[in-house]
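Read through the structures below before going on.
Two complexes come next, and they have one chain in common, chain A, joined by chain B in the first and chain C in the second.
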Partner chain A sequence: MSFPTPWRTSARLTRRLLAIKQPYRCLSCSLRLAREEARQDAKTTHFGFESVPAAEKQSRVGAVFSSVASSYDTMNDLMSLYTHRLWKDHFVRSLNPGIHTSLFPSPNQPTSQTILDIAGGTGDIAFRLLSHATTVNNDHSSRVIVSDINPAMLAEGKKRSLQTEWASSERLSWVEANAEDLHMIDSNSIDLYTVAFGIRNFTDKMAALREAYRVLKPGGVFACLEFSKVHNPILNGAYKRWSFGAIPLIGQLVAGDRESYQYLVESIERFPSQREFAGMVEEAGFLLPGGMEEEGGWEDLMGGIAAVHRGIKPTEG
Partner chain B sequence: MAHTLASTRLFNLPASFRFTCVNLARTFSVLNRPPPHYAGHVPLNVFERGAVAAGSAIMSLLNPRRGDLIAALGETTATPYFIYRLRDVMLSSPTGRRILRDRPRITSQTMSVTKLRAMAENTVGRAYVDWLDREGVSPDTRDSVKYIDDEECAYVMQRYRESHDFYHALTGLPVFVEGEVALKAFEFANTLLPMTGLSIFAVTRMKPAERSRFWRTYLPWALSNGLKSKEVINVYWEEQLERDIDDLRAELGLERPPDLRERRKAMKEQRKAAKEKREKMGGLMAD
Partner chain C sequence: MSIFRLLQATCSKPPSRLYSSSNFVPSCGLSCGRFYHSYEHDRPPPFSPTEDRILSAALSHVPTHGFTTTALTQGARAAGYLDISTNLFPAGPFSIVNYHLVTQRLALAKDVTPARHDPIKIPTNINKLILRRLHANKAIIHRWQEALALLATPTRLPTSLRELALLSDEILFLAGSTDVTSVWYTNRAGLAVIYASAELFMTTDTSENFVETEEFLARRLEEGEKIKSFVGGVGTWAGIQAGGFVDGMRSKGVRI
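Up next, the complex of A and B:
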């Protein structure tokens, strides 16, 4: 096979460029195009790597989580190779929920905390919070409200709670709510607001952060555990290949649903970096412990695979 | 000179083999997948395909109810050579070519069960709906093909998957594991898809009586009929619905196997009668 000379190649290319046909537009095409332009004006957001109208994202995410609810825990274990348990344990321990009653309590000391766990459907964080408060801080009255937008996840959580001691106690309650609209929760009523691996699925993260600011008491703590950007390039290469190769595969084999897990890894990819998200937390009004300058506004776990963002609602005066 | 001789030899090989060599050479990173060739297409590289094949083989053996894994196994093992061979089989027959041109789909929308029930006795359509009712299943929408790169071959796989219930009706084999394995053996002899051959490993899950029935009767029937009959992938089912089913069987060169449900019922009744006799004799002895 002989290779064409440079002259023949460029001549062929030039001929192609000059031979531009007149665009043909049929009658129905004009109407269709006009309709498509109108649709594109609607606000769009990202659903993994797809771009969808903002109104549609909630139902698409809902479908994902209804599908993964029953195999959620098994899949979490397999996808993270059991490390998600370490992350969640560290997250809860570092928050130290519960009031540690000292031998000489002062009269004004609060006796119990109200903790709100957002997107906490299956109860992973809620059970850890209650367990830490009860066993470590000897606090038997702090309570946790678990909120999730998806009823299938809540049902799964209620089922799992039957195996704990808090199944029918007042310390654990379940609310179906959208984190962007917590009208059923009074302002300034929550001591600790936690969201673990949920915020990347929200359509409007700033709205959720502002709602968090509203429901928290002054001095209350906002804590978010979420996947984030890995700094080390070698670890990042391996992590990305695991995410995009192995995770949808495990989803197909174990849960029978490749698409949902493809969405999950894409949504991790699209989530803002640690610095950007810390900026958003600050913009909502929270104070960042450690401050942004020395990269203290967040805590990286396992090289940045997950990150804990904490913020405190300032007290008046 | 050497390379032209090799390329001539390559061009003399059948089309399916040529395609295999080209496809094996292509590999890509999971971070940089090529664009899909059709709606629902998920391009996999060689390692992913191997992992899906191995994983779904093991998981579907542990849980044969996971139809989606059997489908994934079929798609990932069909790709070098076998699905191209099946597509060429379709292209070699006039009816097969028409099916590939028309691309009909068998779903619960396109196959109206009420219309089929109204058909005359012993027609293909009636036998199909009788089988569906007897087994308590519906022409439910099968999973769409995802892992086959060539669009036409993806359709061939989809057509095979959707015709599977018609093969059940044609042979009369029931829907539980024993009948399915016998039908898979027949399909292996007829279509040569690797997944059908691998499904025969499900004999390890069968009870000893079922297994001996399989080795003695159903496997020989499956292999001999699968090999001697015409290619069932080329049957245009939508056109054959009103036809007499024995006529179709004769045309394909296919014999029905012994009715598996009747056999099992007869064996069960035989065992029950033997047990009652034993108990009666035992009662007599006690006196």
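Up next, the complex of A and C:
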């Protein structure tokens, strides 16, 4: 039996007092910090290396692209040393858009595809998709819908389309839309959803992926070309030097806008790694290509500077 | 099954995340590969149900369309998918070849009970198993040269060689071979060479029921046995000579 001796009472009192003085034990610090961080994350998102309120990101990205729209092509060439054209060519060729009707016509098959090119304002990918479908697959009816959130980029694309054969064609249409909310596009209506160098700028990537899943037909393909993580440490060193040293400088000299290009390289740095992003694509419900010689789900271009992610919407479930 | 098989499994590509949701394998990222052979539990299937449906349908179109994108597209259509869904297979027509190789190897493992270890019977068992595997190529043999061309493409070569190694390992295991010395390697390498040459021979074989391939295979295996016994003989002889040399030197007072 224990009696309330003065010593015990005082000990208990001390403990209580201490407990009041220290609202949490040091052991629980990490938990508290984690909670605070999570609370912060709910309100803000990253804009390059900065944290900005989620509501603000869209307008700030908009400002960036409005300011770079006119010099977009020159800048891309200079920054990527012309390789972005190779990547885009490879991206479109590997997707093989269009239906090769002449080879094996069968009665119950659709004869054209509807392709949605998200964040494709300048039409880079759209023109390539159309010309691949036409010249490689002899498909003269597949359509491409170009969507971009930024009217300046869309205007640039429309201007450029005048120099192509698709200028007044029914096969090319333009939509100003946020990729996280494609209410103007019907569910299960798209064969191929492409997004090249765009998904990095989305405020909520998961929402965009879910929206992609919604608009795609069962069996439809989600394809994304995006800057990614370089695996080789030596190449990575050189690449980081180039992107953080040279790109903002080129931006300042050519486009007269350093901040936009600083944002560009920072947003590349913040984009999830190949594995993480493949996980996100899978989480949205897509089947990833198993790939026997690839790491399953993505394809690295030039050692991982850019990566192609693909997902197929399953027909069942 | 021998420890080397396990090592081989370790070295091979980790399973794709596609299968991480299967009942057998907890989702644990890279370390998911099973590093041992279990008699009680099957390995997770190498292809997801969707891949399986499209590729098996594509394979049925191979006799008419060959190992081409056309066959793959027809397969996708037959499985209820779109033309564009062939993006599930970035390797293109090679996926069909690989599918055929993997499924036939697994079918061999599933249908044949591993023989008990009996050194006398091993050559006969090997012969039977190779023939059985070759006969699985019958339906598409007129298109198999296309497949061999795809398999020999430099970028695909590592996959092809690994598949060949896995097949010769499977055959030796099923034939009852339990060697674990350096013979393990020479056996597998030799068998792989014999199998590959017989497969190539079969593509130009027009005889009834591939009798000539059978004879070709029997000759190669016989040669293999001869080389093996010759190399073994030389090895024994060299061992005895080395032993004698050491004994001789010791008798002269050299401290070896």
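Quick notes
Everything below uses one rule, namely that the second predicted complex is superposed on the first by the 267 of 317 C-alpha atoms of A that agree within 3 Å, B and C clash if a C-alpha of one lies under 4 Å from a C-alpha of the other, contacts with A are read in each partner's own complex, and residues count from 1 in each chain.
Assume contacts are C-beta pairs under 8 Å (C-beta built on N, C-alpha and C of every residue); 3 or more make two chains touch, one makes a residue touch a chain.
Remember, it's a predicted structure, so these values are computed and weren't measured experimentally.
After superposition onto chain A, the modelled positions of chain B and chain C are compatible, with room for both. Once chain A of one complex is fitted onto chain A of the other, the partner contacts of A:Gly279 are limited to chain C, with no touch recorded for chain B.
Of the two partner chains, chain B is the only one touched by A:Gly256; chain C is not. Which of chain B and chain C touches more residues of chain A: that partner is C. With both structures placed on the common chain, the touch criterion links A:His100 to chain C but leaves chain B unconnected. Using the contact criterion defined above for the overlaid structures, shared-chain residue A:Lys229 touches neither chain B nor chain C, since it reaches no partner. In the superposition on chain A, A:Lys57 contacts neither chain B nor chain C.
Once the two complexes are laid over each other on the shared chain, residue contacts for A:Pro289 go to chain C alone; chain B is not touched. In the superposition on chain A, contact of A:Arg214 is made with neither chain B nor chain C. Of the two partner chains placed around the shared chain by superposition, chain B is the only one that A:Lys240 touches, whereas chain C remains out of contact. Here chain B and chain C sit at a least CA-CA distance of 31 Å once the structures share a frame through chain A. Shared contact residues on chain A (touching chain B in one structure, chain C in the other): none found. The touching residues of chain A, when paired with chain C in their complex, are 94-97, 99-100, 103-104, 106, 109-110, 113, 191-192, 217-221, 223, 278-279, 282, 287-294, 296-297, 299, 310, 312, 314-315. Chain A contributes residues 240-241, 244-246, 249, 252-254, 256, 258 to its touches with chain B in the complex. Residues of chain B that touch chain A in their complex: 29-31, 42, 47-48, 51-52, 55-56, 59, 66, 68-69, 72, 146. For chain C in complex with chain A, the touching residues are 13, 16-18, 47-48, 50-51, 69-70, 73-74, 76-77, 80-91, 94-95, 98, 155-156, 158-159.
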